[in-house]
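Before we start, here is the structure in question, set down as structure tokens.
Each chain carries a letter (A, B and C) given by its place in the written order, and its residues are counted from 1.
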Amino acid sequence: MLDIGQEIFQLCQRLYPICRSITGNGVRETLSILKEYLPELSIHEVPTGTQCFDWQIPKEWNINDAYVIDPNGNKIISFKQSNLHVVGYSTPVNQKITLEALQPHLFSLPEQPNAIPYITSYYKEQWGFCLTESQRKELTDGIYHVYIDSNLTNGSLTYGELIIPGETSEEIFLSTYICHPSMANNELSGPAVTTFLAQWIKALSNRKYTYRIIFIPETIGSIAYLSKNLAKMKKNIVAGFNITCVGDDRAYSYLPSRKGNTLADRAAIHTLNHQVECFDRYSFLDRGSDERQYCSPGIDLPICSVMRSKYGCYPEYHTSLDNLSLISKEGLHGGYNTIKHAILAIEINEKYVTSILCEPQMGRRDLYPTTSTKSLDLEVKNMMDTITYCDGEADLLEIADQLNLPIWDVDQICQTLLSHHIIKKKTDT
Amino acid sequence: MLDIGQEIFQLCQRLYPICRSITGNGVRETLSILKEYLPELSIHEVPTGTQCFDWQIPKEWNINDAYVIDPNGNKIISFKQSNLHVVGYSTPVNQKITLEALQPHLFSLPEQPNAIPYITSYYKEQWGFCLTESQRKELTDGIYHVYIDSNLTNGSLTYGELIIPGETSEEIFLSTYICHPSMANNELSGPAVTTFLAQWIKALSNRKYTYRIIFIPETIGSIAYLSKNLAKMKKNIVAGFNITCVGDDRAYSYLPSRKGNTLADRAAIHTLNHQVECFDRYSFLDRGSDERQYCSPGIDLPICSVMRSKYGCYPEYHTSLDNLSLISKEGLHGGYNTIKHAILAIEINEKYVTSILCEPQMGRRDLYPTTSTKSLDLEVKNMMDTITYCDGEADLLEIADQLNLPIWDVDQICQTLLSHHIIKKKTDT
Amino acid sequence: MLDIGQEIFQLCQRLYPICRSITGNGVRETLSILKEYLPELSIHEVPTGTQCFDWQIPKEWNINDAYVIDPNGNKIISFKQSNLHVVGYSTPVNQKITLEALQPHLFSLPEQPNAIPYITSYYKEQWGFCLTESQRKELTDGIYHVYIDSNLTNGSLTYGELIIPGETSEEIFLSTYICHPSMANNELSGPAVTTFLAQWIKALSNRKYTYRIIFIPETIGSIAYLSKNLAKMKKNIVAGFNITCVGDDRAYSYLPSRKGNTLADRAAIHTLNHQVECFDRYSFLDRGSDERQYCSPGIDLPICSVMRSKYGCYPEYHTSLDNLSLISKEGLHGGYNTIKHAILAIEINEKYVTSILCEPQMGRRDLYPTTSTKSLDLEVKNMMDTITYCDGEADLLEIADQLNLPIWDVDQICQTLLSHHIIKKKTDT
């Protein structure tokens, strides 16, 4: 059987060639592949022109081919070679123009001469090509044939939604985006890891929470989704994660919610503290993904991000260098595992209260050494420490932080204590 | 036209020779000069014997001349040379006495041999002369003629008050004192800077706040003023500054209110953080001016001090060395400018709330680049950051601190956002 | 007259030889000696089998003699030489057995070869001997005669209680334990120091608080006491100290209550900050004495520990090396003095409010220099600082911390201010 990191990597490989954008068939193709993994995934379409808060769903964009032929007749830029070569949402064009007239339509990165940049122009109609700075420097004067076979039509924006019910209607929310063309860390790692997290959640016995998992185009997708679902999301969501950039192997990163101390933040920090060697803590001011919407005033959802190398903070970001060689099965596995443990931390984050006044007599329960000596066994100490903080006020995350122990271990202790009727779950009634 | 620092300096020069005390004609002369600058300044007299909380207005003190003639007939100490030579509130005397009998009436500073100290005895009747330690050491035995032509009579304590109305009855309070004889940083800088601040406030269009500005004798003056005006001051004042020691060019200083986190404190710290290179933070335990009254229990006004070199913390303090050469137009301008910006910070310290859920679409308002690339322009980032913190809870000082931007810049951003209806003022109704 | 440290030391000497355990005649003998010092001490018996929360009072244990005779007929281990030689609560035995069969009944410390360990087995019936590792190594094969003349019978657990009434029914609680055999710092220092603290409290004029002082066996004793007295303890106790390990001269230690910021904690930290040069701050996770019960969930009493070298943190702990040479009259005096001052801090921890608005005129009360000069006298400054923080909200501990002065000094200032009617006690009505 495959290692989970390898499985996620294989999904990335499969999704990589597809030309995605915020609308169009690339999104639909992507979602239909994900549906193979998650048959319950429901696909939704929001028509062009639909008002979503301050925004309108734009025209749907599709593209068949695009290229540039140089004065010598050579096809020097080809969409079929890399979908990054075309500015996202480019209008159709079929012209012969001078290099001088072409230049304003070309995009390259002087400081990264071998990278094709990722450029889009969703809300202003224009066309353009992206190429490496090296290639651009070699262009000679003459007449170029530019060709983009795209169309912008009334259509719809497509997204996927998966609701996995739990014991309560309270929800944990996972959001990731499926609008980036052929790039790996940002962003095939997000939907690929989320797909396997969803499989794990489905298999999680005794789920306390209901899970709302969405695969959307960034920004306009989250805004559209929020505009349709805000009331129930505000009512039900207790914590959530925006899942992006979870594929490489160089760093772990945490970006807080705007409020900074929500359940999601607490679970994320606790998990990173105990699961990984070190991680970078960003400020909400460093935000750049859908937490821009989820944490905006009036929306205020308890959502943060646990990432590997954060968008904007690694050199390959938003270029052709963010390819499959940048991510790895180890990197994906680490991203998956960290978010999984953060989710688990929320699932087990109960409040407990002792059912016994003063310390329980552990000896007669065979939970304590009968012969006193100079020091307590560490395991016994952890058990006694857990009991003494089970006051019905602190939740398990607070207790684990107090004890400087991983919450998953403290939960094991609590299960033992529950079975011995030493503590009980605090019920609010 | 004159530079504002130079204008303030010229006012200091004009006021410098006058012999001021906590009562008497020196105060009246000073206020009548200030009234030339601020015609609306109203002059108030509080009669001797008036009870003011625990205090009584003392007798009024006036002095015409004073000197000491040595055994050789030389006038060695003369009030006309320096009004610091006479102990403030000295009773009249006209005697020939031995040096031995004179000594207990002489005051000098062994550690500052060339400084005449500033000494007063308001509440115990006595007479005395102040001189340099150098001069004192040269005194020879013999009979001295001591002469003080002063009088202590029933009269009144004089102060000036200026109310500049604004849009609301909520007040910003400025207090400075006019009871010090010929000294410059402490204290002509305070009334001189305050005079020009009052002129600036009068010219400030759309003042939100009403301004209560008083020129009083220190301690007894603030106590007298509080005893007459406490109820409305407690009701109306939202922030205030005690203005003293704002004339030299060596340091900036901040002394908090007793509570330490009032609006005045927040505005002062924010302003100092963004307007000056560094500043000294004192404790309320270092207080020594009228915040002793304004922040006393039961009074509890939100008042702090923004200073240049703080009283008691520079060697020339309360001596003849605190003269016009110690202050400068640059120093006074710095003091003026800092308090002006702190006042402005309070004037613009609104709460805003977004009028749009999720991020607004900046592009169609021409507030956003239409072509995405690797990084946001800093100006756009500051605008988006401002929007995301406009939640109707944080005031602009909090938002500016969060963004680590000067509040005056964030206010400019908010004006743009207001004009585009992206945010609106939070009204409590 | 004896120095108090010497008196406490002499009490330790007198109590040292007695073989104490959690029950039995050693406890009764100890309490009867303490009653000589504190005639009002009442002795209580809780019968074997009494249910105390999760625990039952065990059988009473008494012992007359115990020894081991080696194959050569030498008495190599003798209870009469050191009562630590016998495992506490050993069942009676009178057998001849091989060394191999004896070994599981022997306890020694390989890393402290010259120390007899202190071992007990209260809740599982067994017998055993403790000896030094050095001695154990010299044991040769052969038949040993082991003899323990003890008995475990239905009897009772004995404790002492002393209530010293004060002006109010609010209580300060002192708890110490009398269940350890011949060891000095842990634990004769606790009951000896507590005895002299009780004498001092009795002599303390105008005690505000009622004092509840108990001499109990550790763990089962505090649990038994709590099970009988919890309701009134929770109602009345405002602060308390668990008194243990207060006899040596090497360190001061502080162990917080579980909540960490109770009145007891605040008084303890303030006292240690001002009375001793340095001290070790432990975490509640380092607990190991009766605060385990007093601070357990649902009990939640405001109790912390001020110690010299903390149990478990010095090498002689729970061995024969914790003998009278480890403690000293200076060490005991320091322990006594620190807790005494912490108690005093609570007794004087009033809230005061100024009876005068603005600063009082100190001069006419002869509390202020009449001639102003460059700096205030420190004494006057402390007085003015005290007045300005008497706002009826801060208690004297907060004020003293704010002023960085010992509370006992600030109280002296307040007494002067009270006598001049400048401040008054804040009454809640």
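The definition used in the following text is that contacts are C-beta pairs under 8 Å (C-beta built on N, C-alpha and C of every residue); 3 or more make two chains touch, one makes a residue touch a chain.
For each chain, UniProt lists the protein as follows: A, B, C = Aminopeptidase.
It should be emphasised that the depicted structure is a prediction, and the values quoted were computed from it without experimental measurement.
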Self-check item: Proportion of interface numbers common to chain A (Aminopeptidase) and chain B (Aminopeptidase) (over half same, under half different)
Solution: different
Quiz item: Cα superposition of chain B (Aminopeptidase) onto chain C (Aminopeptidase): how big is the rotation, rounded to the nearest 5°?
Solution: 120
Practice problem: Could you tell me the distance, in whole angstrom, between the mean C-alpha positions of chain A (Aminopeptidase) and chain B (Aminopeptidase)? | Solution: 55
Quiz item: Can you list the residues of chain C (Aminopeptidase) that touch 2 or more other chains?
Solution: none
Quiz prompt | Contact footprint of chain A (Aminopeptidase) on chain C (Aminopeptidase) as seen in their complex | solution = 52-55, 87, 107, 109, 117, 119-124, 126, 219, 222-223, 226-227, 230, 258, 284-285, 287, 292-293, 295-300, 312, 317-318
Practice problem: Provide the residue numbers of chain A (Aminopeptidase) that touch chain C (Aminopeptidase) in the complex, in ascending order. | Solution: 353-354, 356-361, 363-364, 370-375, 384-385, 387-392, 402-403
